[in-house]
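Right after this note come the structures.
Below are two complexes that have chain A in common, paired first with chain B and then with chain C.
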Partner chain A sequence: MVNQSTSPGIVWWKWVGAILVLYSIIQGLLIQVPRLPILHETIRNLFFHVTMWFSMIAMMIASLVYGLIYLRTNDLLHDIRAKQYAYTGIFLGILGLATGSLWAKYTWGSWWVNDAKLNGASASLLVYLAYVILRGSMEDDHKRARVSAVYGIFSFTLMLVFLMILPRLTDSLHPGNGGNPGFGTYDLDSKMRTVFYPAVIGWILMAFWITDIRIRIEKLYIKSWES
Partner chain B sequence: MIRNQVIHLIQKEILLEWRQKYAFQGLFLYVISTVFICYLSFRQVIDLPTWNALFWIIQLFAAVNAIARSFLQESRGRILYYYVIADARAVILAKMLYSLLLMWVLSVFNYLCYSLFIGNPVQDVLLFGLALLLGSMGFATVLSMVSAIASKAGNNSTLMAILSFPILMPLLMTTIRFSKNALDGLAWSVSYSFIIILIALNLLSGALAFLLFPYLWKD
Partner chain C sequence: MKATNRIRYIVLFLLFFISSIGYAQDTSVEMADTMRANGKIYVVVGVLSIIFTGIIVFLVIIERRLRKLEKGQN
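Up next is the complex of A and B:
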C-alpha cells in the first residue's frame, strides 16, 4: 500500500521557508542596523518579533477559511485543519508575546505595558483560547465541528476588524505612533527590508509547514483509531 | 414571510417574559444590587474615567446575565418546535431584536440607578444616550449569537463569559472612549469616528450572526 511517506522529498515551498528563515536568522544578526535612540541593537528583534504576528494573522485567516469550507462541505478533514491552524496560531501568539515582552523590558523598561497593540494581541489570544475551551466542551464530532466553525468565523472576523481599527483609535508605544522612532515610514532602511520581508515570508511558510505536520499526525491518529 | 415570523416570535418572547416576571425583575434587582455594592465600596466616584469604566463594567455584566438566558433558557423540546415552525434567520433576528429591547430598558435603568447612588457627572446627556443606545445594540447582537453557541455546547454559563468577553472587547473599548467624550461634554464632531465605528461593528456582528446562525440551528 502506497501512503504519503513515499512522496518524493519535501515540497518546494517548505525548502523556501526553511532557507528564508535560516537566512533571516544569520543575516538578521550580522547586518548593519541603524543606530536609533532607545532601540540600539534590540532593533534586530524586529526580524523575530514582528514576524510572529504576521504569521499568527496568516494562521487566523487560514483557520477562518477552513471553518467556512467545513460549513460548506461538512467534511471533518477541514475541521481538523481549522483546529490545527488555530493551535499553531496560539503557539505563534505566545512566542510573539514572549519576544515582545523581552523587547519591552529593554526599551520601555517593563515586561508589560498598557498599549493598544498589546491589548489587541492578548484579546486575539483570548479568542483562540476560548475556541479551544469551546472545542473541548463538546463530544460529538460533527456538532463540535459545526459549533466551533461558527464561533471561529464569528470571532476571528470581529478580531481581524478590531486589529485593523484599533491602532487608529489610540496612541501606541509602538513604532510610528505617539512620538516613538518608527520603522515603517523612514527608519526601516533598505538594508533592513532585505531581511525583514524574507523573514516574514519565511516564518509564514514555516507556520504552514508546522501545521501541515500536525494535520498529518492527527490524520494518522484517527486512521489508527478507526482500524 | 420572515417578517411575520419575527413579529410573532418577538411577541412570544415578550409574553413569556411577562408570564415569568420573576426573571425579568431579577435582572433589575441584579443591577440595583451591583450598583449598591459599588456605592458601598466606592462611596463617591470623582474621577471621571473611573466613573465611566465602572458604569460600563456593570453594564457588561448585566448584559451577559440578561442575554445568556435568551437561548440557555429554552428547553430542548421547545427548540425543536421552533425548528419545525420557523425559519432559522427569523429566530435569530427575533432573539437579537428582543435582546436589543431588553438591553435598552436595562441600560436606561442602570444609568438612573447609577446616577442616583454614585452621582451623575455626564455633561452631554444626549450624546451619552447615543453611546448607551449603540453600545447596548452591540452587546445585544454579539451576546445573542454567543448565547446560541454556548447553548449548543452544554448550557454552561462560564462558557458564555469566556466566549463573549474577548469578542466584546473592541465594542467595549470603543464605547468607553465614546462615552468619555460625552462625559466631558466635547463637541459632537469629535465623536463622529466612534459613532461610525460602532455602527459598523454592530452591522458586521449582526450580519455575521444572521448568516451563520442557520448552520448552528440544524442539529
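Up next is the complex of A and C:
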C-alpha cells in the first residue's frame, strides 16, 4: 500500500537550508538597515516574521501538489505527504501570527489590529485547521485521502484569496497592500534583499526538512502497524 | 601610626585602584571589544547562532536515528 523505498539521509539541500538560515540570523542582525520612524530596528523582523509566511505558503503548495498527485495515483504515500506538509504549514502560520502580533504591539500599538492581512491570515489558518478536523473525522484511509485532497484544493484557493487578493482590495497596514503593487514597491533596499531572499529560501528548505522527518516517521509507524 | 593616618593610606590605595580600573576602561586602549560594541548586539547574535546550531544538531541526530530505524525495517 505504502511505497517501500528507503529515503536518503541528510541530503545536500538540508545543509543549504541550515546554512542560509544561520547566515540570515547573523547577517540579519548586523547589516545596516534603513532608519525609519516607528519601525526603528524592528525592520529586521522582516527576515524572520515574513519568512514564516513564505515558508507556510510553500508548504501549502507542496500539500496541494501531493493532494493532486494522490487523486491521480491513489497511492496513500502521497496522502501522507499532503497531510504532513499541511501540518507544518499550519505550525509555521501560527508562528507567523505570534511573531506578527508581538511586532504589531510595538509598532502599531496593539496585539491585534483590524487589518485585512491579519484577519485574512487568521481566517486561512482556520480553514486549514478545518482540514485537520476533516481528516480526523474519517476512518477509511482512501475516503479520507480523497476528501481531504479535494478540500485541500479548496483551502489553498481560499488562502490565496485571504492573503493575496483581499488585502490588496482594501487598505492594509502591511507594506505592499492596498492598490496593485509590484515587487519594486516593497520598501526593501538592496542591502536587505541580500539577507531577505537567502532567509526565505533557507526557511523554506528548513520547513521541507522538518516535514521530511515527519513523513518518514509516519511511514515507519505505518509499516510497524502493518507487520 | 595614628588611625587617621591609616585611613589616609587606605583611601590613597583605594583611589589608586579605582583610577587604574578607570584607566582600563579607557576606550583609547585597543582591547577585544567586539562583543561589547554597538550596544552588545554581537552577544545576541552569538546566542541566536548557538540556539540555531543546537536545533540543527538536534535535527541531524533525529535524522541518524530515523535512518537506523529505516534500515532495520527493510
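Just so we're on the same page, the second predicted complex is superposed on the first by the 204 of 227 C-alpha atoms of A that agree within 3 Å, B and C clash if a C-alpha of one lies under 4 Å from a C-alpha of the other, contacts with A are read in each partner's own complex, and residues count from 1 in each chain.
Rule of thumb we're sticking to: a contact is a pair of C-beta atoms (placed from the backbone, for glycine too) under 8 Å apart; a residue touches a chain by one contact, two chains touch by 3 or more.
A quick note: this is a predicted structure, and the numbers were derived from the prediction, not measured.
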| item | value |
| --- | --- |
| Chain B versus chain C as contact partner of A:F47, first or second or both or neither | neither |
| Touched partner set for A:W103, first chain B, second chain C, both or neither | neither |
| Which of chain B and chain C A:S137 touches, first, second, both or neither | first |
| Chain B versus chain C as contact partner of A:Y87, first or second or both or neither | neither |
| Partner chain in contact with A:F196 - chain B first, chain C second, else both or neither | neither |
| Contacts of A:A149 with chain B and chain C, given as first, second, both or neither | first |
| Residue contacts on chain A - larger count, chain B or chain C | B |
| Contacts of A:I10 with chain B and chain C, given as first, second, both or neither | second |
| Intersection of chain A interface sets (partners chain B, chain C) | none |
| Complex contact set, residues of chain C against chain A | 41-42, 44-45, 48-49, 52-53, 56, 59-60, 62-64, 66-67, 69-71, 73-74 |
| Chain C partner contacts - residues on chain A that touch it in the complex | 4, 6-7, 9-10, 14, 18, 21-22, 25-26, 29-30, 209-210, 213, 216-217, 220, 223-224 |
| Touch list for chain B against partner chain A, complex | 142, 145-146, 149, 152-154, 156, 159, 162-163, 165-167, 169-170, 173-174, 177, 197, 201, 204-205, 208-209, 212-213, 215-216, 219 |
| Of all residues in chain A, those that touch chain B in their complex | 71, 119, 123-124, 126-127, 129-130, 133-134, 137-138, 143, 146-147, 149-151, 153-155, 157-159, 161-162, 165-166, 169 |
